[in-house]
Amino acid sequence: MENRNRTVAVVGAGDFIGAEICKAFAAEGFTIFAGRRNGDKLAPLVAEIEAAGGTIHARSLDARKEDEVVQFMAEAEATAPLEVCIFNIGANVNFPYVETTERVFRKVWEMACYAGFLTGREAAKAMLPRNEGCIFFTGATAGLRGGKGFAAFASAKFGLRAMAESAARELMPQGIHVAHLVIDSGVDTAWVRERMAESGRDRVLMRPASVAQTYIQLWKQPKDAWTFETQIRPSVEAW
Amino acid sequence: MENRNRTVAVVGAGDFIGAEICKAFAAEGFTIFAGRRNGDKLAPLVAEIEAAGGTIHARSLDARKEDEVVQFMAEAEATAPLEVCIFNIGANVNFPYVETTERVFRKVWEMACYAGFLTGREAAKAMLPRNEGCIFFTGATAGLRGGKGFAAFASAKFGLRAMAESAARELMPQGIHVAHLVIDSGVDTAWVRERMAESGRDRVLMRPASVAQTYIQLWKQPKDAWTFETQIRPSVEAW
Amino acid sequence: MENRNRTVAVVGAGDFIGAEICKAFAAEGFTIFAGRRNGDKLAPLVAEIEAAGGTIHARSLDARKEDEVVQFMAEAEATAPLEVCIFNIGANVNFPYVETTERVFRKVWEMACYAGFLTGREAAKAMLPRNEGCIFFTGATAGLRGGKGFAAFASAKFGLRAMAESAARELMPQGIHVAHLVIDSGVDTAWVRERMAESGRDRVLMRPASVAQTYIQLWKQPKDAWTFETQIRPSVEAW
Amino acid sequence: MENRNRTVAVVGAGDFIGAEICKAFAAEGFTIFAGRRNGDKLAPLVAEIEAAGGTIHARSLDARKEDEVVQFMAEAEATAPLEVCIFNIGANVNFPYVETTERVFRKVWEMACYAGFLTGREAAKAMLPRNEGCIFFTGATAGLRGGKGFAAFASAKFGLRAMAESAARELMPQGIHVAHLVIDSGVDTAWVRERMAESGRDRVLMRPASVAQTYIQLWKQPKDAWTFETQIRPSVEAW
């Protein structure tokens, strides 16, 4: 594996989608900067990527805190030029409208939207002087449809999508590829499997590695054919 | 003018759109509860509505504060059953993406989205026991399109729209009409006239009274033909 | 009822929605020009409107035939200036994709899209010299979503909507209000009641008179707050 | 180049996008069936692909004629199982609304929508027994927005998109990947260069090869992460 001397920052490097994104880009020769709330939990991922000959730096990161995001991105950029930044934090909750507390509404927004803004902005600051780079945001169906019980989650995901779209219109002409990936499916994670077990509903889930491959495809797009928004779902998913 | 013994709560009862909404519903015989940051500024509106034989209660209200919203709505409901609630706070700002401070991003969201959530939720609590009422949100083009420089504003307006849509899917079957009105135009306000003067661009503006009449139409819709989302613009507006 | 000396042309004046539109505008003092495939079937509507003191001209009209549309609209305009034109022809069918014949695909398009184009264009020709008038198109959910089994119907309804949108962008600045009304519901017609009986599903239906009232509201909008697209559905409809 | 013993049918194999699609899939080892109105014009493409060691069959095809489409697809399938079918016919015209003739409106629809329906349906018939295959449609911005002067073109492109969406909802669960690619840009073709020269406007164009690569990416997607709709545009394109 050729080392590219470029970094990929993954904000929200959880056990499933985030981890697969890290592995996929590490396999392309990137140095990975992986952040999640409790950085200790990144140990198995670090071991796996290093065993495969890759390079990864694991960090504890609360992406709702501006100074932490600033420092995380600065450190990534200091290691090698930041080429790709992927924001991958979700906050899926469902409550009846009148039972949605102000605390939930605010917290979901801080995690799924505000943290994405901080991440995208700091990545853009690093990339703009070079006029190149990719900033990708993991979206969900809730970013396009305000379903019943999703006042907090859909509001945050719509907000993330709008922020990404606004960033795309400004940054793409300056050489930075901004994309918003709508995952219209359950993804095979521990959390989703638990929800499925609770509800008794069975459902074909998307493999986290397939999400990662979609990001690899977006990164490979030629500059005259960039995608801002795309959606992916399993063949059998109803929509 | 027949007195209906019903209240209309207007959150964001500014000098232009908000004031016209108050006047339009006062003319229909409603008791108006009008809130804006500095309630003293409501004096001329109160005088005008009272001179016309209407009833209005003016309040200072920071709709980003949960306790203030709770109290405002409780007071409205205590005066007479709350039939209509209209959220009308905007926060239009434009900044380059990397110059958007976290303070601006958060404040715009608190004003244009979070305050709307608190308002809608408290109105719903009052209306649900009766299974009737109307909750209307003033939206903007930025709620459907993340334009250049509007990362903060579009993010908040998309968030408001998603929250409204989620509320609509839950509350409409329970008898509460939720609507999101997209104003795809500049409205004739002091603020917009200043922006136009600054930019040197001339533009046909929408009269605030026309916005108010659209809300009256939404309120009059029969229960088998409710609109969740509609947009209005001047005939000559390019879109 | 004051006579306005203005005509309203209704293309697709069937027994339900179309008839209610005719009655609603007749009650506003308009002279109605009503066209449907078999004009003889308009006799009861003519009797009802005339009994109420209104004026209506009934015509047999195959709106897929250019010369018939041209003549219908010219006759309407010759009687009194054409102020409102409403296109109200549907063609709802559902077939598996590979079983959709080319004949069905073409016929549905001719009825639901092509006839709408001819109608809108001829109405525009009459209205443009006066720079005023309204051209309204009855749309459906299938104009926004290509559901399973609706390749023919959705294709035609999307096509109608696009044509209307294009017309709106060109004609509204010239004083002609173009609107597309999305009816996201079953409407209470004989055909829909039969489908419901077949499927055994019960559903709250929209009264045709409510559709007509929505058109009256659109016609009443002030020129600085025109709606191009709006949707209506019963409060209990899932969407 | 490994020969896959599978065919790719390209309907609308013009000099630019269509030709690049043929070359890209030929380079993947597919046998190409290329159809365009005047099949003689395919000679240079045939020469190029054969020189590179590929296999291509060139046919004259008027895709608005059901029997020709049926025969074209049957022949492709008879040569080797049909794995990919790409519909790539456009018909971009711009006319003032009232000057759009019924002949133009109908012809544009027949080329850009009806021919796409025939193509997709015949491809589906071949693929369904195997429960695998890809059916891709080339779309345009006009499939999402009815711009001024585009009543005919947008109507046809919306219609194509709806048909594709309906097909996707039905066929994807049966193993057939249906996608609609929105090209939000001028593509570097002779026709577009002429329009640019006429208008005096300069614009960054998309290379036809980049469109072809996007189709290769769609074809490579794993079955748990299929895209129905995506859009591509040059980095500098305003949208």
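Note that the chains are named A, B, C and D in the order they appear, and that numbering of residues resets to 1 at the start of each chain.
The working rule: contacts are C-beta pairs under 8 Å (C-beta built on N, C-alpha and C of every residue); 3 or more make two chains touch, one makes a residue touch a chain.
Please read all numbers here as calculations on a predicted model, not as lab measurements.
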item	value
Neighbouring chains shared between subunit A and subunit C, ordered by label	B, D
Contact-richer chain pair [A-B vs B-C]	A-B
Length of the line joining the C-alpha centres of subunit B and subunit D, rounded to whole Å	46
Distance between chain centroids, defined by C-alpha means - subunit B, subunit C (Å)	32
Numbers and ranges of subunit D residues touching at least 2 other chains	169
Graph class of chain-chain contacts, one of line, ring, star, complete, other	ring
Interchain contacts (touch definition) - all pairs	A-B, A-D, B-C, C-D
Subunit A-touching residues of subunit B, taken from the complex the two chains share	66, 96-98, 100, 102, 105-106, 109, 113-114, 117-118, 120-121, 124-125, 128, 142, 145-152, 154-171
Contact footprint of subunit D on subunit A as seen in their complex	169, 172-173, 175, 177, 185, 204-207, 210-211, 213-214, 217, 220-239
